[in-house]
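Each chain gets a letter, A, B, C, D, E and F, in the order it is written, and its residues are counted from 1.
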Amino acid sequence: MPKNTDLLIAASTIWVVVTAVLVMFMQAGFAFLEAGLTRMKNAGHIAGKNVLIFAVCSIVYWAVGFGLAFGDGNGLIGTHGFLPSVTQLISVGKKPFDFFAEIPGAAGYLFEVVFAGVSLAIVWGAMAERAKLWVYFVFGAVFTLIYSVTSHWIWDSHGWLFKKGMQDFAGSTVVHYQGALAALAGAILLGPRIGKFGHDGRANPIPGHNIPYAVLGTIILWFGWFGFNPGSTLSVDFGGFGYFAYVATTTNIAAAAGALGGIVTASLVLKKPDLSMMLNGVIAALVAITAASGYVAPWAAVVIGLVSGFIAVTGVIVVERIGIDDPIGAVAVHGASGIWGTLACGLFTVPLLAGRLATGHGGLVYTGSFHQLGVQALGVAVVGAWTFSASFSVLWVLKRLWGIRVHEEAETLGLDVSEHGMWGYPEFYIPVPGGYGTEAHAHLLGRPAHVSVAATPHEHLPPAVVE
Amino acid sequence: MPKNTDLLIAASTIWVVVTAVLVMFMQAGFAFLEAGLTRMKNAGHIAGKNVLIFAVCSIVYWAVGFGLAFGDGNGLIGTHGFLPSVTQLISVGKKPFDFFAEIPGAAGYLFEVVFAGVSLAIVWGAMAERAKLWVYFVFGAVFTLIYSVTSHWIWDSHGWLFKKGMQDFAGSTVVHYQGALAALAGAILLGPRIGKFGHDGRANPIPGHNIPYAVLGTIILWFGWFGFNPGSTLSVDFGGFGYFAYVATTTNIAAAAGALGGIVTASLVLKKPDLSMMLNGVIAALVAITAASGYVAPWAAVVIGLVSGFIAVTGVIVVERIGIDDPIGAVAVHGASGIWGTLACGLFTVPLLAGRLATGHGGLVYTGSFHQLGVQALGVAVVGAWTFSASFSVLWVLKRLWGIRVHEEAETLGLDVSEHGMWGYPEFYIPVPGGYGTEAHAHLLGRPAHVSVAATPHEHLPPAVVE
Amino acid sequence: MPKNTDLLIAASTIWVVVTAVLVMFMQAGFAFLEAGLTRMKNAGHIAGKNVLIFAVCSIVYWAVGFGLAFGDGNGLIGTHGFLPSVTQLISVGKKPFDFFAEIPGAAGYLFEVVFAGVSLAIVWGAMAERAKLWVYFVFGAVFTLIYSVTSHWIWDSHGWLFKKGMQDFAGSTVVHYQGALAALAGAILLGPRIGKFGHDGRANPIPGHNIPYAVLGTIILWFGWFGFNPGSTLSVDFGGFGYFAYVATTTNIAAAAGALGGIVTASLVLKKPDLSMMLNGVIAALVAITAASGYVAPWAAVVIGLVSGFIAVTGVIVVERIGIDDPIGAVAVHGASGIWGTLACGLFTVPLLAGRLATGHGGLVYTGSFHQLGVQALGVAVVGAWTFSASFSVLWVLKRLWGIRVHEEAETLGLDVSEHGMWGYPEFYIPVPGGYGTEAHAHLLGRPAHVSVAATPHEHLPPAVVE
Amino acid sequence: MVKVEAVVIRERIETVIDAVEEATGHVGVTVVEAVGHGRQRGITHEYRGRVFESRFLPKALLTFLVRDEIAAAVQHAISDAARSGHESGDGLCWRSEVENVVHNRTGLRLEEVELRA
Amino acid sequence: MVKVEAVVIRERIETVIDAVEEATGHVGVTVVEAVGHGRQRGITHEYRGRVFESRFLPKALLTFLVRDEIAAAVQHAISDAARSGHESGDGLCWRSEVENVVHNRTGLRLEEVELRA
Amino acid sequence: MVKVEAVVIRERIETVIDAVEEATGHVGVTVVEAVGHGRQRGITHEYRGRVFESRFLPKALLTFLVRDEIAAAVQHAISDAARSGHESGDGLCWRSEVENVVHNRTGLRLEEVELRA
């Protein structure tokens, strides 16, 4: 006969594990969004590196990151729980992972590592189509640690920004804004792709090769975000039993508004309902509602989403204007919109909900007070300074020491064949006149035994040929 | 120490939110099924519009649809719960959403809005490759309301058809048949795609461009359907604790039988195991079992699935015969098979299960009575009349006022480039002789500084050239 | 007021159904992994057949397999529960399915049938691009039964290998190794694809046509594996409440190590970070951790994963060396790595965890005893003998009687067009000079009415033409 | 024999081939996908707010090997059928002498094969 | 020099090129994917119950620029190697005069380049 | 008129076309994607541990129909602009006579059309 506390643990663990798994699947979303918005010649590399970096992140986060972020410690970092033991992972609410009160430490690891993986996936979007492969290993590991520190500040109960009452429900700042800061540093240090900017400095469009991929990626992300935000209750009763359903609702409404905001802005500003911009609008809205999903009313979710759609479109253009080449728009979509979402809490947080979640206070429109907005702005400023400078310095050193960008020929040829020896779509590239799907050529078949089936050709041949 | 009722709410909310999320992901399924079964030149548009219409639906359903469908009201419509407040969404089993007894209103919204989204996705399948973009906005909004009214009749406890004991467990009629009715109206008003019917009136095949996409779409739909049917218990105890597992089982068995029914029928009738027909068979079976999944025995699920596979194949051909151009077979797969599934309850419902679900009575084969079959037929007739006439009138007006079909050139060129300015696969279309993956052409690179690397060409040049 | 046992059933059923659904989605993973690693001309067939065989499996397993595997019976097979009734499926912990103590029989069917489907999907990987379509039906049905018998031995509480204390938490042996054994038999009997081996016997590479597909497939498999391993607790309390979160953690860590092991091995051994090898490394690691996920410590998961990555790369090469054509590497990835994972329990099982799961004993490194390793080896040997010989015999008979391989022309042309009448990417194959996206040719449009828009051409024509 | 080559818009490929057959009874053509640049302007595209133009337009290059006596009529039929009514882009048609046209399957000269047919 | 052009089935492209090299020692060819329509019937496809035919079949167009003296032998080698044994579809091979063949890299005439090689 | 044909590396297509226009003012070209095999070695690929080579390299086949008097200058411009500085693979450029070049849209001879322009 199970005890009610056991059942509570069971339900909470189901919830956290299931949502963690949804978030993990966002890697497929990023892989296809990024591959879709870049060129065929890099498609395999772009998609494949998401598997690689999530792997790097999973190991590093298990060894060090998780302890740094959620192990017992001080206001700045966690100091326990590195290379966690079996017992630490299977016990519930025990030190060093007592931060997770109703789920085993393992569930905590799983939920938090997939978040780190998302932040890391964002980084590479802006660095796509020109970074060296090994940089993914090295910076992937380093960024995982940078990320862990910040998440400790804002999410862990000892974190100094948490103590100030900063509201970042699921990580507009921790996950998305941070990822975008590193992405920005990378894009600046790498410089634009060959051909992105003409001699006159005008930006050239480099169309993504597969919009259906980008759509699939976006829907997968939307899908995964239902794990991202609602799962951040880390239990079934935080905010009240079943409260996470409310979080899912604001998330969905904001995403929808983002799609509309994006496509409408594109139609007005660009005079075309650009599909990639609509998709960016969805993601920007999801990024913004990430911080606010637990705190705001549905109407505010609509506002947040619409504004995000506008930010996505204009942001992409501005970033390009100032000469930064961000192939998939990570800086605008995760950075600008991440800031917007974080500040939006300061504007729209419903006092009742801030109370239920026991984090910070109501927003400006309800309380007339700028307090919460100030706290949010502080968080944005501090994280911006820390993560950008840390990422920039590390990448700058890597660049100085070994260089982080592939050679010109490699970039022109494409990373698939130059870095991995084979294109992502070999049958479009290997110049085989036999064409797609036929392998009837020497290096695969060996010469056919006989080249003629005519008895003895000469007989039939016209004098003109034999002379 | 949590109370048992709290734990029941927690478990039910987990279940409903998780299944709602699975259903939401069906949008990716439709996007890829539809994109796969249509042409390359429209692939971006077809895939992208699913994001767009789900966005429209999410906002409209939140503002009006949810209240119409499940807010307190009379037998015809719900009259409360429009623009629901925070409190209405977070409280459980309270007016106006007391229909949802064990989950918060927010969970109710989330689960129901994704169903509306599925119905809407079906509509566009038959209208693919020729409708104007703005029509998606306008008719998307209108259809969401049409849909909400019908779902109130059949699912809400005040609904008049519900009171008659109509059995539509997860919406063969409410979701699929309705979507197909609007799809039919749209296909008729749009007329066939250019080239679909020859001058002699014979139908020409317009092969879908990507069968792997269609397969992915179908598996995603099958996957999502495990949210669609089992989630419709709206709690963990409706029909008995864990009863939803039984619903999932009949769903899976029927889908499997549908695949076999489809491919076998195709082999016999068309003399070829057409893959797209096998996939249509799967979906037709899932559509049919949707109404019956909670009511019938496994053997009946097999029968329902096999027949659906047959309906899919023959239905697609018949629809084409009568001169209707339905690119992905929505009318046959969701319409004909939706009717079949609804009526199948009247045949195969197990009295025991009807009792457990407290809806209607046993089917003909068990009771020998035509009563339930009559009720089902009534529902089909009424919904058919209402939804088809409503959809047809609205689309007819839109057509008269502004026209709902793109111009011939736009259709020939493809909707991607004509409506959105860029193809879904730019590297296949932008005529760049440099070919896929090279951007070494003027409009992107700017002219290379030097055109010759030879010292001074003339020296080497043969007199014949210099003259 | 729900009883605690009811809530336990509710929670366990949610968990098992949700994880079963994740595992079902692995079919999409296999479809895209296999389609991606094979050629364009077979893409539709390869992807589509996964739907077909899962359908065959679902019906056969419901009718016979489930009873054979988990119905009451003796140490060798289950003898009850064929064509299970409604009552057998909805009742919990009752005969013949009392093996499932906390979930309804239906949940048991659903969870176990998707496992059989995975095992079956593996079989075809090695037989890709040359097997006849009907073979999928016949051997699909037969293998489902072979599989069911083995799963009874190892998983059912009456099973003789289970009684010996064999540890195979989620089926490295039952699911993956078995699938690979049949795959090996098939690959041997089919022989290599045309052009795979040159006249000198040297293996020729036949590049897969779409690496992004393979990446998507791999991430979907990783995603689905979070259902595969953690769901194998079959309840929320097996191993302790929420223990399944620990299983998910070891699974994720091993998969990550597998990616690193694979890409590093490829870089060292092949001198290139081959992406398809990295993906194989992930899957090999997931295969290996499948048996061990509930028994080993995180550090052991890392070791298991790294070694699996090495096995995947070298295994693929060895299999090719000995003249077996295994297009996607199923034999190495599921076979060799499945054996490794099974034996790894004998090495690394933590006594504490073996105790919690009440299965077998601690591994060599903890206990210094070879006992568990022996049991594991016995299982591997027996299953190897049984499944390989059974599969080989059946396929051998099929080959003798009707032949299991398509004709040379069909294989050269591709299975899509030869078996199904239409390519998976028609617009790349149907030789239409109008090219992708235009259908302006006779067989679709009918002749344009007028061929000239010039008044009367002769007037303008130069004498030279009119003569 | 004479080799008649023509550059036409892709939509007109089959119309042109049919016109040649109707006018002269000639069957036999080899078609290559081409892109062309001429007096006509290229297509304009838009992506993420950038407008750009591709200077090339899709065309097809048709090659007919024909008996000398019908060459003129073939050219006539082609340029007539290739005319689309657009302001631009209909392409060209020209001819040149070719020698010793061999029919690979039989090894005979194409003339002879055509006579026999 | 002489330009020898040939339309062959795609499976025979490399066989033909090898045959030319064996017979005459000539190296150098430019290959274009083409589709052709001739005496041969097209391929039949089926989709959702509709059967239809594409009038075109995949071929390749090969261009060899060769010294006048070996032109005949080259044509011979081509049409011989192009013969597949199918009833139809093996294509054609013909030649024509070309002037002033310049080798882009060196600016020299191709003859000279080949001599030096 | 004269038909000038050239095989060039794909990266140089637009450079060549621009060079022709600068040097002679000629506008009008038809471009076909080709693959070539010559003195140059093919590309090496690696897949799952196997290294293999494709004997063909991507090239483009350009066709210019030009007035006789500018033919030499056009060839000059082409082979000059096609020169990439790589050790190999820059391709060829040649010319041949063509008769009765008809402009499909107007039915006039191309010369006349060009004069009018």
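Quick note on the criterion: a residue touches a chain if its C-beta (ideal position, glycine included) is under 8 Å from a C-beta of that chain, and two chains touch if they have at least 3 such contacts.
Note that the coordinates shown come from a computational prediction; the quantities given were computed from them, not determined experimentally.
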Minimum number of chain-to-chain touching steps separating subunit D from subunit E: 1
Self-contact between copies subunit E and subunit F, residue sets same or different by half: different
Of B-E and A-F, pair with higher C-beta contact tally: B-E
Which listed pair, B-E, A-D or A-F, duplicates the contacts of C-E in over half of its pairs: A-F
Centroid spacing, where centroids are CA-atom means, of subunit A and subunit B in whole angstrom: 28
Centre distance in Å when subunit C and subunit F are each reduced to the mean of their C-alpha atoms: 50
Mean-CA-position distance for subunit D and subunit B (Å): 45
Touching two or more other chains - residues of subunit F: 14, 31-33, 35, 45-47, 52, 55-56, 58, 72, 75, 79-80, 83, 96, 99-100, 102, 107
Residues within subunit C bordering two or more other chains: 4, 7, 11, 14, 18, 204-205, 207, 272, 274, 420-422, 426, 430, 433, 438, 440-444, 447, 454, 457, 461, 464-465
Interface residues, subunit B side, partner subunit D - complex: 412, 417, 420-422, 426, 430-433, 441-444
Residues of subunit E touching subunit B in the complex: 45-50, 52, 100, 102, 106-109
Parts of subunit E lying in touch with subunit C, wherever the complex brings them together: 35, 43, 45-47, 52-58
Subunit F contact footprint on subunit D (complex, rising order): 6-8, 32-39, 55-56, 59, 61, 72, 75, 78-80, 82-83, 86, 88-96
Footprint of subunit F on subunit E - complex, ascending: 1, 3, 14, 17, 27-33, 63, 65, 96-105, 107, 110, 117
